Every structure is written in structure tokens, then in C-alpha cells.
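The structures considered in this document are given below.
Each of the two complexes below includes chain A, the first together with chain B, the second together with chain C.
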Partner chain A sequence: MIPPPVCSRKTLEIGSKHSPEMMCLPFKVFIGNYIESIEKGADTIIITGSCGPCRFGLYSLIQEDILQDLGYDVDLIVIDSIKEGYKEFISNLKKITKTNTLPQLYKSSRLALDLIKRADDLTQKSNYTRAYAVDKNHVNQIMDNYLKTSVQIHGASELINLINKTKEELSNVKLLENYNPIKIGIIGEIYTIIEPFVNLDVERKLGQLGVLVDKSLTPTKWLEHHVINYPFGSEDENNKFKLAKPYLHTPIGGHGRETLGSAIHYKNLGYDGVIQILPLNCMPEIVAKSILKNVSKDLDFPIMTLVVDEMTGEAGFVTRLEAFVDLLSKRREKHLIG
Partner chain B sequence: MDNFYMGIDVGSVSTNLVLIDEENNLVYKRYLRTQGRPLDILKEGIKEVKDKFGDAHILGVGTTGSGRYLASVLIGADVIKNEITCHAVAALDHNPDTRTVIEIGGQDSKIIIINDGIVVDFAMNTVCAAGTGSFLDRQALRLGMEISDFGTIALNSSNPVRIAGRCAVFAESDMIHKQQLGHNQEDIVRGLCDALVRNYLSNIAKGKYVKSPILFQGGVAANKGIREAFEIELKEEVYIPTNFDVMGAIGAAILSKDEVKEKGHTKFKGIDMCRKDYKVNPIDCNGCSNICEILEIKEDGNILARYGDKCGKWSL
Partner chain C sequence: MKKIGVPRGMLYYENFPFWKDYFNEIGYEIVVSKKTNKDILDNGILNSVDEACLPVKIIHGHVDYLKDKVDYIFVPRVVSLYKREYCCPKILGLPEMIKNSIEDLPEIIDTIFDLDKRSGLESGYRDVGKYLNVSNKESSKAYKKAYSQKEKYNDWIRAELLPMNYKFRPNNINILVLGHSYNVFDDYINMGILDKLSKRNINIYTAEDLSSEHIRKFSSYTKKRLFWTHGRRIVGAANYYIMNKEIDGIIFLSSFGCGLDSVLTHMVSRQSTIYEVPFMNLTLDEQTGEAGINTRLEAFLDMMKWRDKDKSYISTFR
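Up next is the complex of A and B:
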């Protein structure tokens, strides 16, 4: 198992060079990840599939071609939705987890899901801690250290130990007292939300401004909806569909419908605002963006959209985040007085 | 002895320095071209303030603009605020009823929507600088005229030419094409103004509810042709505040006043900073594949600040 090196400018440069220019940003980062991993010795690539009306469904097909054209001889395993065939799904999982029987497969899958959940919980805890921390850099150091160590260790038990240790460190961070942070929900395209390199580390940047950040989608939430609770879906995600219904009653591909539902979800939770992040020319999110204008107006709820691609300048990004946080604090002040 | 608050807006094209008094009245303003040398220009600006108001008290300093962090490192700012908030603060100080702020600067343009005295929505140009000051500067140069005459010439046109203003590069080639066809210079200039306004309204102001009173700020507001084009397109009067060119700096100064009043002290290093020697030392970090470009700022040989790294390894 070779985890791709942490996404960097180099990853994106490699990816952009070998990808169609008008392709969405995650595609380019993926290609970069593949090539960097292959150079480190990977011979098999695992990617999830999709059959929704979004280009993600084409990723595996085009990417396999690109890798072949470049002369890389690798095995590409696509884990398609269970809908596409239960047999393939199981046989792919067996191949990945190197298990032969169903009970074994069940056991290793449970472990994998547990690890993903623990890692997500830790990231979320760091976001909460950063908002309240007296010294925000201390939280950054703890998390940097965790990320650095996590690729050096082996096995599930070591990883669990590391996560627990990091959790404890976070619990010991000194927090501000009587502090009521601005709360912002991050919504939009799933990959853009969860990969800090792609979203220019939006969680950290907002946390640094003392903002409490929550993400509408995480690997855990995705798995709970698409795998663990298959075919019914998780309660949270189904609720988002319900919330989105007055605006949109059919899926529009990707996570367009979830984005709308999430915005309303955060409004109901009493958040101050949401930020939608999408990769340039992501179709489902563009549709959602136009509808979000009405959501914002109807609910009197601030929503800002940020578009990222390989040309995104960091300075403008920071200016917008800061201005948005100013806007939210002023709004809150006014509500308190008026 | 007088008490002042200083606002500094370090933008891509200009560096603006203002002093305001306790009643937010503008006492002094200086508009300097940044010319890619923000450090030197900043020192120069501070020196001028020193020569003029040497014995005055400067009680607080606010910085804004894309160079706000750099300026703060040098000067010691009480407030480091983004341009959007600063422009809104200054606009509301000028007219508390303001509903819309159009701001066009050297390399970016913004729209700020205000309701009941608070910012409710805003937008900034994302990928392209078509329609901003530096683009107009360049076209004025190409047409062989002073940028200060640009707007007045545009007003003389009776038959504006239609120019494709969506992209700065294409606008330029379309303009050259119209020149070659033999159109009048004033018609072309007017056509450019119209194209820029159209581009602004369909890109930045898209989907925003532009309501009156509308304030037009930033260096480009000096251009009468652009102002008139806005008024025709919006069918509303567009107001230009007296100090339209330094509104960002005024906003920063006002914010620093509030901050200092609350905190009770200032972080300002004093006006004598202009005598010190500042050097910038760029470092390419090869520690990982991000290859961050780190900037190190030295004050009289001592390291003052380092920034630009993703991992925090170089931070002091």
C-alpha cells in the first residue's frame, strides 16, 4: 500500500500537463497523484466509480487511457456503486483487502471504515479546537505533526494510537473563555471540500480568523450514505434531499442536490453563513450555485461561492474569506442590538 | 498638538496614505504609484508625512490593500483589514445611506451591496483584469493620450464604437481593428468605456441588486467617461465622493481609530521608521515539493518577518 505523496504544486503541475485542459480540477490532481505514486512503486490504483450525470463517471476510463499512453503499466480497480453489480463490488473489495471469504472481507472492511471515521472525527475536532484556541498555530503544529507521522507508521493499531494521542493533545490546547465564534458551513463539491491543497486550506484559514468550520461532506458521511446504509442512504443525507426539495426535486449529478440541502441544513442549525466551493466548470455545482442565490434571498442567509482551479490566486481568496467573516460578524452585532 | 489616525492602502498600482482627525475629516492624502516597489514607496510616503506633520501625534494606523501585511510588518498596524471592508466603512462614513459601492482599482474591481448600514453581499473580479485601471492605462498609452484626459475625450464622442470587452486581450485586438478601419479616436475611447462598464455589470455585478444611492470609488472613478457609461446603463445617478481615490485608506484609518479607542494603545512603531534600512530577501525553500517562495524582510540587518511558507518552518 503506497499512499500518494501529499498533494503539492508539483502534483498539480504533473496532472495539468497530462490532462485535457477543460477537465475539472480533481481529475488533474488525481492524475498527478497516480504518477507520483507510480514513481514511488505503486502498481495498482483504486478509484471509486460513479454513474451519475457528472464527469466523475468518466474519470476511470479516461485516466486509464492517459496512463497507458504515458506507458505506465498499472492495474486500475474501479469500485463502482453497488447498484452496478453486487458481484463486481464484492470481488473488487476482496482483491483490495486480500481476503477470500465474506466474513474476512466484512472484518477488514469494518476496520477500514472505523479508521476513516476516526480520522474524520479528528479533523473535525481540530477545526473546533482551532476556532476557540488562544494560540491557533499550536493547533496547526499538532495537526502537521499528526499528518507527518501518519505516513511513517504501519498498521491499524499504530494509526489508532496516533489518532488517540493527537486527540489528547488537542484536548489540552488552551481555549478562549466565553467566546462565541462565527460559524460557517463549507458546502459544495466533495473532493474540493475535503482536499486542503485544492481548497487552499480553507478550514485552517477560517479557523485562524477564529471561525468554527463544519464540512457538509466527509469520507465518513459519504460512506455512511452510499455503502453502510445501502440502499436506503443515511438519515442526514436523506434529510438534505428533503430540505432541497422546494428548490430541486431531482438529482442533477455530483452533489448538487446535497449542496442545496446542506445550505438549508446549516441555516436550521443556526450557522452564520455558508461558503460554497467548487472546481471551475463543475456542472452540478454551477447549477446549485444559481439556485443558492434564491435560497440566500428567501432565508436571508449569507452564502458566498468560491471557485478554485490551478490558476487560483491565494491573495484574492484570503481577501474574500476575510470580508465574508467581517460581513457575518457585523450582521450578528446588528441582530444583537436590533 | 493635533491627533491623527493614519490609513495606508498598498495596492498593485498605487500606494495611498491618509491622515484623518478625530472627526474622520481628511487632513492629508498622498497618492503614490507603487511601481512594484512597495517598501521604498511606503518609506517615501511616511517621510513626507514626517516632513509635514513632524510634531503631530499619530494615535493609530490601519493598513489595507494587497500589500496590507507587508505594510503592517514595517509600520506596526493596529488594524490589517481587507479592501472590501475598508471601502464599505469609508463609503458609509461619507454617506450613511449608501446602498451600493462600485470600486474599480488598478487590478481588481468590486461591488459591495449594503443594507441598513451593513454589508450584505459583495463580489470581486476573479480571473481577469479586463475593465480595471491598469488595462485602461495601457490602452491610453497605445492611443497616445494621457490617462487623465481619457474620460474627457470619451465625453466628446457622438457615435461610440462597439468593442468586445469580455477579455482584456481581445478588447485590445478589437480596438486595434476599429482603429485600422479609421474610426475617430473619441469614438473608440468612448466604446472602450462602454465595453468595460458592460463587462463589469455582466460579470461582477451579475445577479446583484444594485440600488441607489450608488457610490463610485477607486482610481478609475476619475474617468468621466466610465461614470457616464455607468449612469446610462444603470439609469441611476452615480455619486463620486471627493476623496474617491483614497477611500480604502480612509476606511483603514477609521477602523484603526475604533480599534485604538477600544484597546487603549497603538502598535505603531513611530514615524522614524522611514530612516531605517529595509531589505527583502527572497528564498526558494526546497524542503518539499511545494517549493514555497519565502520572503524575508530585514530591518537594519535584523530579521523582521518571514512569510510565504505553507508549513510554518520559516515563520519566526
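Up next is the complex of A and C:
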């Protein structure tokens, strides 16, 4: 099993070159990822499907064509929702984990879940630390080092060691005292939120400005909702649906409803504002954006939307982030005085 | 009589004859917005999010046009028209987009039509009736009347949406015009493409000509289940006409930024390549110019005539 190389801007470039122009950003990232993995020798590719109502569920149809046209001979395994057929689901899982019995399968899946969770926790801790750190670059160095090492090591236990070591390093970073950072929640389409190079490393950029960042969706949150607590869903995510209800009664596909619920969730937690990341042409997020306008007005809560695609440049992006953070600080001062 | 406004956009092109008869039957007058024009488009752009696709912007313009002329506006929330199938996310969220974007609206009738979860259209219409204090019984009666004639929809297309004086002529070039019904039939969106074809004596085929049985059958060849009802119609129609060799070429009218079209154009163009049917994709947005469309259309038709003349000649070389 070959994990895809850590994604980079290059992944996206390769992906964009070989994808139909109108496809959404995550599709292009996936294609880039596949090609990079194949060049490193992968012969099997695993993706999770989803059955509608967004494009994601049909990705594999086109992706197979593209890979074939490029002359790659690979196995594309699509793990569909259990709803599309339990047998398929399990047999695909077995193919991937190369285990044959259910208990074994259970064990290796637990391990994978555990790793994902640990990695997520680490990212969260780094975001937190960066906001308070006296020297932000110190945090960046620690995390860069972690990312670089993590692709070179083998096996779960080594990875866990690395994560633990990195955590400790983060704990030793010198923090500002009596500092009360601006807090911003990141909401929007899941892949765009998760992949730093797709969202132009928005967490790091905000952290650099001394902002505490939290992401509404992480791999762990997704798994807890869609797999671990299947078919009931996790409490947090279900709560978001409830929050979104006054604005949207029915799901609209993708993560549109979560986006709305998350915005309100962050407001309730006392955050200063949220940023919606919208991959160009993403259908559910466009619907969400038109509703967020009123959420922001009704709750008197600043919400900014950033549209990203493979052409988004660093410069304009940073300016907009700075302007938003500026706005939030001014609002805070006003509240304190008023 | 109270007035119900129907914006002339999106699902109008699939349902209007039924909506009209239903509302008339329960005693309401229907007011349809004007045909799409520059004013409607401009107001639509002004009143919707920048990132929306052209059809969504246009329907915002139609709603804006109607808002001070009627007592209600009918924008149903069509979630699903078939078991385990859905519509585009923007259709799912259309009433919300409209309500959050346009100010001073009259009451919006945004009944949910969800055939994945519920038994049928009829119960949807009962919910529509509830908005207007119409009893279930009356509602069902009106529904049955509205849907009693099967040919009604296609008759309407012929009478209202196809170009005037359009006639089918055997032995002429046959072209399948594919795309969402609102792209195919709104001649402002597509710069009058049907007219242009008709003036050149070309026979027009659309997905709407086919029965849903044919669509279902011919759209089931894909490796993954197509879960968009509107996508199925487009892919099914393409497969049907291509495989039955009924057409000489395909023109796909797609919306810029449309998520469905990004997948569908890929599938249809691939199929066309395999069966060697000429295929052209025209992408439409508010910047599309008529001159560009004309040039591309001419080139496409020229190629087809050339093919036609040399058909027997070429085939020996394949």
C-alpha cells in the first residue's frame, strides 16, 4: 500500500491538467493524487464514493476514463455507502486491508481510525499553539518537520511515536501570556477545508496573524458521523442540522447544510467570525453562500466567503484575510468600549 | 381571483401545463413572467450570488419581475422525482436561495416534492393545496385532472416552445439538442438555437420526445448508478438516439459552472466518439455572444454536410 505523497501545489497542477475544466476542485486534487501515486508504483487506488446528490458520487466514472486514456493500468476501488450494498462494502474493505475475516478487518480499521484521529488532534494542537506562540515560525518548523518525516517512516507504531514526539515539541513552544486571540471558524466543503495546499494554508496564515482557528470538518469528524455512528450520525453533526433548520429544511447535497449549521455553531461558541471556503463552482456551497448572507445579518456575525480554484493567487488571498481579521479586531474593541 | 405567479425559468419548462391546470382547477389565476429578456437577466444577476449558474440567475430575475404583481409565487422544492434519485443541489436549495436573495417577496409556495421519501406527486399537490386552504379531496381531483392527458406536455412543447413553422422533414439532417430543458427551450439563454436550426431545415430531436421507459432503459448502461434524474434523462436520450442511429449529430447546451453538465458532457461526448457521431458542446453564460455561437454552429453543420455527402466514401476507410 502506497500512501499518496504529501499533497502539494504540484498535485493540483497535475490534476487540473488532466481533468475536464468544469470539474470541481476536489476532483482535480484526486486526479493529481492518483497520478502521483501511480508514478510511485501504486497499482490499486481506493476512493470513497457517496451517492448523491452531489458530483462526488460520480467521480469514479470519469476518473477511470481519464486514467485509462493516460495509459495507466490500475484498479480503482470505490467504497460506496453501505446503502448501495453491504456485501460490496465489506468485500471492498477486505480487498484494501488485505484481511479476510471480519474480526481482523475490524481490528485493522480500528487502527486506521486511531491514526487518523491522532493526526487530526496534532493538527488542531498546532493551530492552537500557533495562535498563542511568541514565535509563530517555531511552530511552522515543528510541523514542517513532522510532515516531512511522516512520509518517510513505516508502520503504525513509528507514526504514533512521531506524533507523540511532535506533540511534546509543541508543548514546549513559548506562549504569549494574557493573550486573548481572535477566534475564527473555517467552514465549507470538506476536502477544501482539509487540504492545506488547496485552501492556500488558510489555518497557518491566520495563525501567523495570531488568530485561533478551528475547522468545522476534519477526517475524524467525518468518520465519526458517517462510519462509526452509522446510521445515526454523530451528536455534533446532528446538532448542526438542527441549527441549520430555520434556514434550510432539507439537505442540499455535499456539505451545504453542515456549512450553515457550523456557522451558527461557531457563533454560539463565542467565535468572532467564520470564513467559508468555496471551491469554484461547488453547487451546495453556492446555495449555502446565498443563505449565509442572511445568517450573518440575523445574528450580527461576520462571515466571509473565499472562492478558491487552481488559479487563486497568494497575494490577494492574504490581503483579504488580513482585512477580515482587522474587521474582527475593530468589532471587538467597539464591543469592549460600547 | 387570487393570483399565483410562476417564474418562467428552470422547472417551468418541465411542468408548466400541469401546474396551470392544477391551479386553475382549484380556482386560482396563473401569472407567468415575461419571456426572458435583458432586464430580467440583469435583475437576476443583481439579485443572486455571483457564483450561481446562468439559469439560477435568470430565475431570480423572473421572481423579481413577478413579486409585486401577484399574491403568491410558486417555487416548489423539488428534491427527488424518483426513488433514490435527486435533483441538482441548486434545485434542492432554490426556494432558500430566492428567499434569502430577493427582498419584499409575497408568500412563496415552496412545497416539498420528494418522491424518494414519499409515495407520489399527488401528495405533493395536496401540500400545495394546504397552503391555499384547499381540501385534500379537491386537491386530488385537480391533480388527477391536470395529469389525465399524457400527451399534454409534448403538445405544449410543440405549440409553445419549438420554433414557429417548425416542420419535421424526412431526409434532412437530424440533430439532437441536449441539455437541461431550460437551456434547450429558453431561447434567450441559448441565443435562439432552435430557430437557427429550424431556419436551416434541420430536424430537431430533444430528450423530451422520449418516453420515460426508454430513458430509464438507455441510461442504465453506466457503471455507477446515475442518481440525478435530470442527468439520466440526458444520458438516456443520448444513448437511445445514438444506438438507434436516428441522429446525425449532437449539440449539447451546457451551463457554465454546472456540476451536472461537467459530468454529463463527458459521458455523452465519449459515447459519441465511440459511435462516431459528431458532438458539439456550447457552454452558455451571461458573457456568451451570439456571434461566437453562430460561427461554431456553421462550422459544425458544414462538417456534418461534408460527412453526409461522403458517407459511403469514408466508411470504406474506417
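Convention: the second predicted complex is superposed on the first by the 337 of 338 C-alpha atoms of A that agree within 3 Å, B and C clash if a C-alpha of one lies under 4 Å from a C-alpha of the other, contacts with A are read in each partner's own complex, and residues count from 1 in each chain.
Keep in mind that, in the parts below, contacts are C-beta pairs under 8 Å (C-beta built on N, C-alpha and C of every residue); 3 or more make two chains touch, one makes a residue touch a chain.
The model shown is predicted, which means the values in this text are computed figures rather than measured ones.
After alignment on the shared chain A, the placement of chain B and chain C results in a side-by-side fit free of clashes.
In the superposition on chain A, A:Asn268 contacts neither chain B nor chain C.
In the superposed model, A:Thr11 makes contact with chain B only, not with chain C.
When the two complexes are overlaid on their common chain A, residue A:Gln68 makes contact with neither chain B nor chain C. When the two complexes are laid over each other on chain A, the CA centres of chain B and chain C sit 80 degrees apart as seen from the CA centre of chain A, to the nearest 10. In the superposed model, A:Val307 makes contact with both chain B and chain C.
Of the two partner chains placed by superposition, only chain C is touched by A:Gly253; chain B is not.
When the shared chain is aligned, chain C comes close enough to touch A:Arg55, but chain B does not. Residue contacts after overlaying the shared chain place A:Lys293 against chain B and chain C alike.
When the shared chain is aligned, chain C comes close enough to touch A:Asn281, but chain B does not.
Taken over all C-alpha pairs, chain B and chain C come no nearer than 5 Å in the superposed arrangement. Residues 293, 307 of chain A lie in contact with chain B in one complex and with chain C in the other.
The touching residues of chain A, when paired with chain B in their complex, are 5-6, 8-11, 137, 140-141, 144, 201, 293, 302, 307, 311, 315-316, 318-320, 322-323, 326-327, 330-331, 334. Within the complex, the chain A residues that touch chain C are 20, 22-24, 49, 51-55, 57-58, 60-62, 64-65, 78, 84, 247-254, 256, 278, 280-284, 286-291, 293-294, 307.
Contacts from chain C toward chain A in the complex involve residues 48-49, 51-52, 77, 79, 84-90, 92-93, 96-97, 100-101, 112, 114, 222-228, 254, 256-263, 265-267, 270. Only residues 66, 81-85, 108, 116, 118-122, 124, 126-127, 207, 288-291, 310-312, 315 of chain B touch chain A when the two sit together in their complex.
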